[in-house]
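Structure provided below as structure tokens; questions to follow.
Naming follows writing order (A, B, C and D), and every chain is counted from residue 1.
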Amino acid sequence: MTKASPRELLIAALARRIKGCRHVAVGNASPIPAAAALLARAQSNGAMIVYILGSRAHNPYGDGARELFDSAGQGRLDAFFLGGGEIDGQANVNLVTVGEHDRPQMRFPGSFGSAYLYFTVPKVILFREEHSRRVLVPRVSFVSAPGTSPPGVHRTGGPSALVTGRCIFSFDRARGRFALETIHPGQTALSVRAETGFDYDAPPQVSVTEAPGAGELRLIRGRISNEMAEAYPVFARREWPSHDAQAAGR
Amino acid sequence: MIERLDLDALVARIPDGARLAIPADYAGVAMEATRALLRRGARNLRLVTVPTSGLQADMLIGAGMVVEIETSGVTLNEHGLAPRFTAATKSGRLRIVDTTCPAVHAGLQAAEKGVPFMPLRGLLGTDVLAQRKDWRVTDNPFGERGDAIALLPAIKPDIALFHAARADRHGNVWIGRRRELAAMAHASAATLVTVEEIVEIDLMASDQTAAGVLPRLYVGAVTVANRGAWPLGFIDLYPADDRELARYAAAARTDRGFAEYLEGALRRAA
Amino acid sequence: MIERLDLDALVARIPDGARLAIPADYAGVAMEATRALLRRGARNLRLVTVPTSGLQADMLIGAGMVVEIETSGVTLNEHGLAPRFTAATKSGRLRIVDTTCPAVHAGLQAAEKGVPFMPLRGLLGTDVLAQRKDWRVTDNPFGERGDAIALLPAIKPDIALFHAARADRHGNVWIGRRRELAAMAHASAATLVTVEEIVEIDLMASDQTAAGVLPRLYVGAVTVANRGAWPLGFIDLYPADDRELARYAAAARTDRGFAEYLEGALRRAA
Amino acid sequence: MTKASPRELLIAALARRIKGCRHVAVGNASPIPAAAALLARAQSNGAMIVYILGSRAHNPYGDGARELFDSAGQGRLDAFFLGGGEIDGQANVNLVTVGEHDRPQMRFPGSFGSAYLYFTVPKVILFREEHSRRVLVPRVSFVSAPGTSPPGVHRTGGPSALVTGRCIFSFDRARGRFALETIHPGQTALSVRAETGFDYDAPPQVSVTEAPGAGELRLIRGRISNEMAEAYPVFARREWPSHDAQAAGR
């Protein structure tokens, strides 16, 4: 078996973080988190319920698009993956605009459910493959969802980690601050620091993100790549081109 | 019997200036009707996306027919940013009312229940809330002092427009699991639907089919539009036409590319 | 795989003192499970009827197992007043929290949405509102000054108990058009269901069946109970047993008649 | 054909009052209004949508029990029939208790949807077959639903008439007062006054409630009696015993 690709590493790393969750949801334009959720689900022996926005096969709801949010409001959604046009060191997320709201320099698609799910899902995992000072900024231009809230704000959820193409940060909600947890193969503590626009804690020695095992890789390249072809056909074709024939045959 | 119209007559029911509710790409987008609307040349539409949109909003915006969009997100998904939406946001010509998905659902539910507003958790400390002069924050009267909560006004579209698998001759429309379409119709003054087919059975006659029905009480008119969501996919009936979507995404990067694409799309559909 | 219990184990999940949500007679009443609960002898139940009840509430009240009932109405319909409910109201031993049907739905929807309250029109000037110290009236912040509107707190039952046609092995339960059962389950901490049968297909696999499903996410345990709503009717599967209901209505007019009926009903069901 | 029974007269009289309505609902324990709604529907050539609580065949909703109330809140429910344990001269309705709420002399089943629908349905027709001073009282003990509301209360509906076993009153919302409209065969202005516990206006000469025509009677005894056997089997058997065999054969 060939070595895990960088994306397969991310898929396995994200999947590990939601192990044991009963109900996990993946939002818009999130192929890597979607693959991670499907991997964790495949490993859960049927216990994990996974929702992938835009997927017909992975829609566990009977009440339409509202049910994702309602179930989160009920405390029934354990984990959610969230991206960000910009993410800052307090885990604030911007999915809307850079610059003036009405005349932006940059416009992202929109906040989607972030302004709600960030408050209501116990374990929100921020994910953005691009790890650069353009994305990881000192302070977001627009707060689609705040990383922390003052005392008194009803909040049962929030960010637990930030996973990027270079590393994994854990988030300390009390301190409102990220700490470097592991770096991916090929990165150094210095390279991560250089590409990150916000300050964070780092241990003196940082370990390397665990690569997927042979069993995980087999699952990813087999069942998961096939499942991914339904909701993320473009991604699946690009990431696992050799599996096209197999997927088409299903 | 439900009123059955041809596509042009159906979209003639959408007046210029209408507040028009449209579903997300996965829920049944009436693209064939949208092309008819683009041919007619609607003006000053105020879109409400339930809760997001993609190709449909992007084309209407690109054609200059939209003055306002209330949305949680406009994107072509795997095909990238919605290019005409993105361009319009920078031009200052499009009023963008940013919202968040559950706020759209809550606003429609308020209209559905005939109440002026709905409370919603979350939101506090976001710029989504800060931008919304029409939202309020109040103390939860059932909570501890200082338990702030947002109140969102009812969203009452003039027209809801969507595509569904089938309707019966009475106007009952089978929406399956896409119950946000029911909320959208309940909240809207009038609902226009395109369907793949009209069936001969009464969809309300058995519980098996009735469980997925938007009843005729809400349905203003129905038009048959074969593959009416194309090039978007539609439930288990057809997948998205990724090649066509990629072609759109590439063309619509420029004003000129979009204009050419639009001309071709409207010609072919005519 | 869903946990499948026998009837006694199912009702053992309903603790004494539980706030128990039960559906109206037309929506799937778990009468067989109720008989198991009556055999066990539950204590201090607080019923929430969604939004009304009949035989089920009357029997639980008659057996002295209910301390409180929040209800829009308890009646045996064509068989007259609910006799044990009516007797208990005069005894002062039962706390009756009078409400109105849409207020029950609104309270469950508030819990379903994870918000502390829901506004509702109507109600102003009624003694229903005057009696409810837990309801509030506020000025509509989106209206003219002095546009008063009632706010109702979320209703969060501990347990929802109902009967449905079928479940699959994963615990997805087919409720058809009775969507108030979904709201009840969403609002409740745990949901217990009896079904006529367990089917081998995955009810979520096709849109045709999924449109009528309460998903397994909400379902704690399932028990097969053949003709589990008897003597009430159940959708198109069986009509109400009017003779048995008339027999109950006549017997339950007196304490002694009720006691004899109950003994017979529990013996037969055992 | 035999002459219309008193109940058939009521069915026809109620049906006439909802002619032209698009959407009509009938609540709990209301067999005569249910038959009237079914009659009006049969005469509407498919235009009228009728909901009968507890009926499977006459349930036009897809959203469960909530939809009756939601559709009324949207302004989509044109007419509703409401009974009352007590009804007073201001059209206040009591469906709860006579005497102290917590230790009542008399307990009725409960308010059902009245505290909401009386405010939101443009045409609410009060119906109570028993016309006595016990039911038609000077002032109800408990207001399940008020006949009128002070200015400023959001109210798009209310009572339009009161139909009893003796007569029909119309209701003037501005004045909050009933007026005798017609009396049923066998009644006199005096007999009605004697059995009514509240004051009301009456014309010098009061006409008699129009009896059902032959076509209406045929419909009632044919199609309507059969339809009624589903939701109101006890009533249908008692009212149209000769139709039992016919109904059973369907």
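Keep this in mind: a residue touches a chain if its C-beta (ideal position, glycine included) is under 8 Å from a C-beta of that chain, and two chains touch if they have at least 3 such contacts.
The shown structure was predicted, so the numbers you read here are calculated from the model rather than taken from an experiment.
The distance from the centre of chain A to the centre of chain D, with each centre set as the mean of the Cα atoms, comes to 58 Å. One inter-chain figure worth recording: chain A and chain B are separated by 27 Å, centre to centre, where each centre is the mean of the chain's CA atoms. Distance from the chain B centre to the chain C centre is 36 Å, each centre being the mean of its Cα atoms. Across the assembly, chain A contributes residues 59, 61-63, 69-70, 73, 120 that each touch 2 or more other chains.
Touching two or more other chains at once are residues 109, 113-115, 120-121, 143, 147, 149, 177, 182, 210-212, 235-236 of chain B. Contact topology of the protein chains: irregular, matching none of line, ring, star or complete. You'll find the chains touch as A-B, A-C, B-C, B-D, C-D.
Those residues of chain A that touch chain B in the shared complex are 28-29, 31, 53-54, 56, 59, 61-66, 68-70, 73, 95-97, 101-104, 107-120, 142-146, 149-150, 152-154, 232-235. By the touch criterion stated above, chain C contacts chain B in their complex at residues 106, 109, 113-121, 136, 138, 140-143, 147, 149, 151, 153, 175-177, 206-208, 210-212, 235-236. Per the touch definition, chain D reaches chain B in the complex via residues 23, 46, 49, 59-63, 69-76, 120.
Chain contact summary for the complex, chain B toward chain D: residues 1, 111-115, 170, 182, 186-187, 204, 210-218.
Residues 24-27, 50-52, 71-75, 77-79, 81-82, 85-86, 89-90, 92, 96, 98-103, 105, 109, 120-129, 131, 143, 146-149, 177-183, 235-236, 239-240, 242 of chain B are the ones touching chain A in the complex.
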